Every structure is written in C-alpha cells, then in structure tokens.
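Below you'll find a set of structures to go through.
Both complexes shown next keep chain A, but they swap its partner, so chain B is in the first and chain C is in the second.
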Partner chain A sequence: MLARLENVTKRYRTTEGVRDLSLDFPAGQIVGVLGLNGSGKSTMLKLIAGLLFPTAGAVTVFGGSPRGHRSRTVFLGETDTLWPWMTPADASRFMEGLYSDFEPVRFNELLDALEVPRRKTKAMSKGERGRLRLAMVLARSAQLYLLDEPLAGIDLISREKIMTSLVREWHTDETILLSTHEVAEAEGLFERAVYLRDGRLALDVPAETLRQEGKSVVQTFKEVLA
Partner chain B sequence: MTTDSWILDMDAGPIFEQIGRNVRQQLARGDLRPGDKLPSARDLATTLSVNPNTIVHAYGELEAQGIIEKRRGLGTFVREDAPVKTMRQNMLKEIVETFVNEVRRLGVDDEEAMAVLKEAWDAG
Partner chain C sequence: MKRFGTLFWLEYRHSWIWSVALLGSLAFWAWGIKQVRVMDVAERLGIRAGLLAVACAIGAVVLCLMIGRIRAETRNGQYQVLLLTPPSGYAHIGARYLYAAATAFAYFITIGFLYWWIMALAGIHLDPTTLVELILAVPFYAISVSVLPLLAWTLLLMVFISAYRISGPGWIPGTVMLLGTPFAFRWLVNGILRITYTLPGWRLFANAPAALIERFGSPDPETALQVDNIIYNGVPIEPLLIMLALTVVLLAVAGRIWQEVEA
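Then we have the complex of A and B:
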C-alpha cells in the first residue's frame, strides 16, 4: 500500500477539513478525488503529502510517516508559487537544487510535450504556468503523485495537454491522486473515483463499475454530491 | 486502425467494452483486417485520453475472444484466423433487430416496413 488513511480527522481552527476518513491507495492506480469546493480534497492530499498533520487518526505513506517519504511523493498544490521573473530554465535549476530525483532532460521533454514557452512566467498565460508547474513535478521520479486541482481555472487546450501528458508519463507502478471538481474531461483517466462530501467519504468505486451500471463518473458526481 | 472517429460515450457502459465493440466493428466493416497491427495500449490511451489499464483490459478481452494476439516484442495484431465473418453476421443481426424493434413500436407491419426498406435501399 502506498498510502493509507485510518479514521483520519483534520480539524482547523473553526472548521473540519476531513472527518473520519479511511482509505487505501495501492500502487498503480489513477484515482479521481472528487468533490465540490470545501469537500476536503485538498486537506486529504496535503495530509498524505505530510504538509498537514491529522487531528485524529493515522496517515501512513510507504509504510511510514508522510514526512519521512517526501522524496517519493510529489505534491502539486493549487497555489501558483512561481516567481514572476522565473523562466523554465530557472525553474529547472530551482528543482534540481531541491530534489535529487529531478531530471532536467525529462523536464525539457515535458516542456516540449506540454508546449510551454521558454519565457518568464509573468509573460505566460495561466494555462501555460499550469503546464509549467505540472512539468516541474512530472520530471521527478517519484511513485506517488498528489495533484491538487491541476485542471482548475485554465483553458481547455491546456487541460487537454495536461491529460495527454499524464496518460503518456504514468508508469503502471505509480499512483496518481488527482483532485478536481471538473470531472467531465478527466473521466476516462480515472480507474477509481473517490467522492468526498463535507469532509467525509461519500463513495469509493471503480469507474468502470459505475459505467457498467450505465452511469458515468460525472453523472454519479451529480447524484452523490447534489 | 482508425481512431479519429472514436467517440467514447461515458454513459454507454464500460470503456473497455466500447473499445472492444469498436475493434469488432472495424473488422466487420473491413477497416481493420486480419494481420493488421493495433496501436499500443499506451498510444491508444493517449489518443483517447483514457487510463492505459482500461486499454489493456479491452485488449485482454479481445485476446480471450480469439480476435487479437500479442506477438512478443512486436506488438498486438489482429489474428489471421479472427472470426470476421461471424462478427459481421452478429453485427448485421444486431442492426436488423434494432430496426425490427423500432418498426414494431411504430405499429407498422412487416410488409409495409419491407417496402420502405426496399425503397430506401434502392435510393441509397
């Protein structure tokens, strides 16, 4: 098991991020973490990334504490933290300095595949910056990829390029948890759909099982979360 | 194999079944022939933006049905003895059954339906 949550609750000062959440994530799955804004998607991914600590319950990653395995885990957050003066070349040096598993050659290939312009991020569109940020994390050879809303708020073409790169780059022993509230485009990518509602697990189901019952992941999203 | 025209319908059952049906359809229509090479699971997954495991599943089913085979180090191919004739026959039956059911629901008898069918056939 790459990651495991056992009865995990994360309480913020006034609100609860996730409540009594228990989930297992084995190697080799692309999982859609689905829910509306505020449903606990980000909290769950950050708990697995070791960026947050549970108030109750236990999070285990690679059999140990999430913090102990940061190098095998990749987290792509929602916030765009790129400096405006940064070019993709700067980003490459920055990542090389931070992560020993970062591969500059692969990064360049990803920049090409994702058609990221080689200019300063302040001169890039939101979609281009989103593609650059994805290239930065995919160029690491981790095993657990936690991608928080990589498709949110960017243009359709960028979303399609990101989807294509994810399918092409994914190795069958890696696990990707991708959170989104824009389910339609990513539907085919998910092998498994985890629906969160108000911080609780609403449904955890193989995507093809849903479709066997004549329902899409999108349709189920509407039914479960309405 | 042409994948340009593939439209996956997420409300129309499992994706692996849709892919299987599509391959059988292409064989029945002659767009795909015995001995032809299929795209790799990864390439097809990329084209269709679906999980590569789903394609592997679809190919596995087609292999079990005796339609395709993996050749070590070469890729996946339509078997030389793929039952193309049977597939065409089955597909024809399906189409005709749909036609008959729809016509019956209209309350039209076979004679009238046949006449219109003949007319449409000759016109096409």
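Then we have the complex of A and C:
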C-alpha cells in the first residue's frame, strides 16, 4: 500500500478539513479526488504529502511517516509556488540538486512537449507556469503523485497538454491522486473516484463499476454531491 | 553536499539583490564620510567613526530582514516546495544562515577597511598586526557577539511563527518569544557581564591606543592608566564563546522546528 489514511481528522482553528477519513491507495492507480470547494480534497492530499499533520488518526506513506518518505512522493499544490526569478534552467538545477530521481533530459522533453517558454516565471502566463510546474514534477521518477488542482485557472489548450502529458508519463507502478474541478475533462483518466463531502468520504468507487452501471463520473458527482 | 550546495545556491539567487544593495550602501557611507569637514581632526574622526557605527547598526537590521523573509515565502507558497524537498530542516536553516553570515562578514570586513581609511585620513598609521586585526579580527569578534546570534534568533522566531500557524494556537509561542526577548536579552547580558574576564582576555587591537597616542599626543596620567588597563586585559573571550554557543543552539532548535512546520 503506497498510502493509507486511518480515521484521520484534521482540525483547523475553527473548522475541520477532513473528519474520520479512512482510505487506502495501492500502487498503479489514477484516482480522482472529487468534491465541491471546501470538501477536504486539498487537506487530504496535503496530509498524504506531509504538509499537514493529522489532529487525530494516522497517515502512513510507504509504511512510514509522510515526511520521512518525501523523496518518493510528488506534490503539486494549487498555489503558484515558483520564485519569480526562476527560469526553466533554474528549475532544472533546483530539482536536479535536490532530487536524485529527477531526469533533466526528460524535463527538457516535457518543456518542449508542453511548450513552456525559456524565460523567467514572472514573465510567464499562469498557464505557462502551471505547465512548467507540471514538467518539474513529471520529470521525476516518484511512485506517488499528489496533484492538487493542476488544471485550475489554466486555459483549455494548456489543460489538454497537461492531460496528455499525464497519460503519456504515467507508469503502471505509479499512483496518481488527482484533485480537479474539471471532472468532465479528466473523467477518462480515472480508474477510481473518491468523492468527498464536508470533509467526509461520500463515495469511493472504481470508475469501471460506474461504467458498468451506465453512469459517468460526472453524473455520479452530481448525484452524490449535489 | 550537493543538496546543501543547491540550497545555498537557491538562497543566493533569492537574496543576492539584498547582499548587493547592502554592500553597495557602503559607497554611500564612504561618500558621507568624505562630506564630514569639521576642522578639528579628533572631532572629525569621532563623527566619521559614529557614521560607521550607524552603518553597522543599519546593516544588522537589513540582514535580519533578509533572513526573516520566511513569512513572505509562507504566504507565496514557496515554503511548501521547500518543506517537501528531501534535505532536513537543519540543512535548510544552515544554508540560509550561512548565506546571511557570509554577507555579514563581507559587509563588516568592508566596514573594517573604512575604519582603517578614516584613521588614515586622520593621520593615524597602524602597524601591520593592528591593521589585520582591524580588518579581520575585530569584525569577526563584533559579528560573533552581536550579529550572528541576532540572525539565528530572527530565523528561529520566523520559523516558530510559521510552524504552527495553520492549526492550533500557533501565534502563542511566537508572541511569547517576541515579548520575552527583551527580558531574555537583559538576563543574558547581565550573566555575561558577571563572568567577563573569568578567562584570560584576547589581546585584540592591543597596539591601537599607542597609535592614537602617537597621533594625538600623550594623554593625562589618569587616562594613560585606563588605557594601560584596557591593553592589559584585552577584549573578554567569554561573550564570544557564549554567543557562538547560543547561536549554535538557536540554529539547532530552528532546524528541529522546521520539521514541524505546516504549509
């Protein structure tokens, strides 16, 4: 099991991000983490990444603490996290210096495929920065990818490029947890859909089961979360 | 080592404008020194030395602002990226601190050169040993007892404030630390003063008063006695040892707390 949440509750000062959440994520899945705003998607991904610590319950990644295995995990947050002075060359140096599984050649191929300009991030559009961030994480050979809204605020063409890269770069021994509001666009990717509502698990279902029932992920989204 | 080097490079890329601005500001101070045109040589030397003392204080504040930008990184999300990188909190803290300390040494050694310059302008010629002490040993001593622990404290405070801000009463430890600082500082200074000169002193800058006496004439017997006394004792070694040890402790705590930061 790559990641496991056991009765996890994360309490902020006045609210709860997730409550009594239990989930297992084995190797080799692309999982859609779906829910409305404030449903706990980002909190769940941050807990698995080790950016947050649970108030109650336990989060284990590769059998240990999330922070202890951060070199085997990729987290792509929803906020723009690159330094404004950074160019793709700087990003490559940064990643190569810190991650032994980062492949610069693959990174450059991804930059070309995603059409990322070779200039400072402060001179890039939001879509270009999003594609650069995605190239940085996909150029690693990690086993667990936590992608929190990588499509948010990005134009249609960039979104398509990102989705194509995700499919092309995914290996069967890797697990991707993808949180997105663009459910319809990402539907074809998902093998499993985890629906969250008010910080609790609303439904955890294989996409194949939904298809056999003649339902789509989007349709189920509306039924479960409306 | 490669990872530490990358973190140091990141800090350099992130902060080089601060360093250049700080070192460049010394050109302004040099210009300011040249503008002091009081007739009396001793008074002119005093005013110029005072200007450099102001430059030292401002430099320390700027260095603290430079190293304390973790809050801005937290807001902008870059802290998230750093927290997820494989190097430990100690490596992150160490790289940041090393860069700030290197900038501090460059800045204060240059100020040592400026002190030498204003002395030369006043007609005070130092022997080679005193000159080396003025440019290297005096900045080392001054930085070690003041700026280095101050930078470590700033780093610890910022990490502390960032660490528990998301969940729980994270503001409490940061506020307590901030409010308690003057009391802790007073206690520290009193403690150091009580044990000062328990160990043999460091005869740093011992020949400088001789150069001053040579330039400005023999002082009265009472002053000469005081000068002899200072020369005999040298500077106390206890503040240096205590502050360096305190710096290491503060950095170690900051590195440990880094592991607790939520983002």
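In this section, the second predicted complex is superposed on the first by the 226 of 226 C-alpha atoms of A that agree within 3 Å, B and C clash if a C-alpha of one lies under 4 Å from a C-alpha of the other, contacts with A are read in each partner's own complex, and residues count from 1 in each chain.
Just so we're on the same page, contacts are C-beta pairs under 8 Å (C-beta built on N, C-alpha and C of every residue); 3 or more make two chains touch, one makes a residue touch a chain.
Since this is a predicted model, take the numbers as computed values, not measurements.
After superposition onto chain A, partners chain B and chain C are found to sit side by side with no clash.
Looking at the shared chain after the overlay, A:49 reaches chain C, while chain B stays out of its contact range.
With both structures placed on the common chain, the touch criterion links A:80 to chain C but leaves chain B unconnected. After overlaying the two complexes on the shared chain, residue contacts for A:222 are found with neither chain B nor chain C.
Of the two partner chains, neither chain B nor chain C is touched by A:119.
Chain B and chain C, viewed from the C-alpha centre of chain A in the overlaid structures, lie at an angle of 160 degrees when rounded to the nearest 10. Contacts of A:189 after superposition: chain B is touched, whereas chain C is not reached. When both complexes are overlaid on chain A, the residue A:167 reaches chain B alone and has no touch with chain C. Of all C-alpha pairs linking chain B and chain C after the chain A fit, the shortest spans 28 Å.
Only residues 10-13, 46, 49-53, 55, 67, 70-71, 73, 75, 77, 79-83, 85-86, 90, 93-94, 96-99 of chain A touch chain C when the two sit together in their complex.
Within the complex, the chain C residues that touch chain A are 2-3, 5-7, 9-10, 13-14, 76-78, 80-81, 83-87, 166-169, 259-260, 262-263. Contacts from chain B toward chain A in the complex involve residues 8, 10-16, 42, 45-46, 48-54, 57. Partner chain B is touched in their complex by these residues of chain A: 28, 30, 160, 163-164, 167-168, 170, 172, 185, 187-191, 207-208, 211-212, 214-219.
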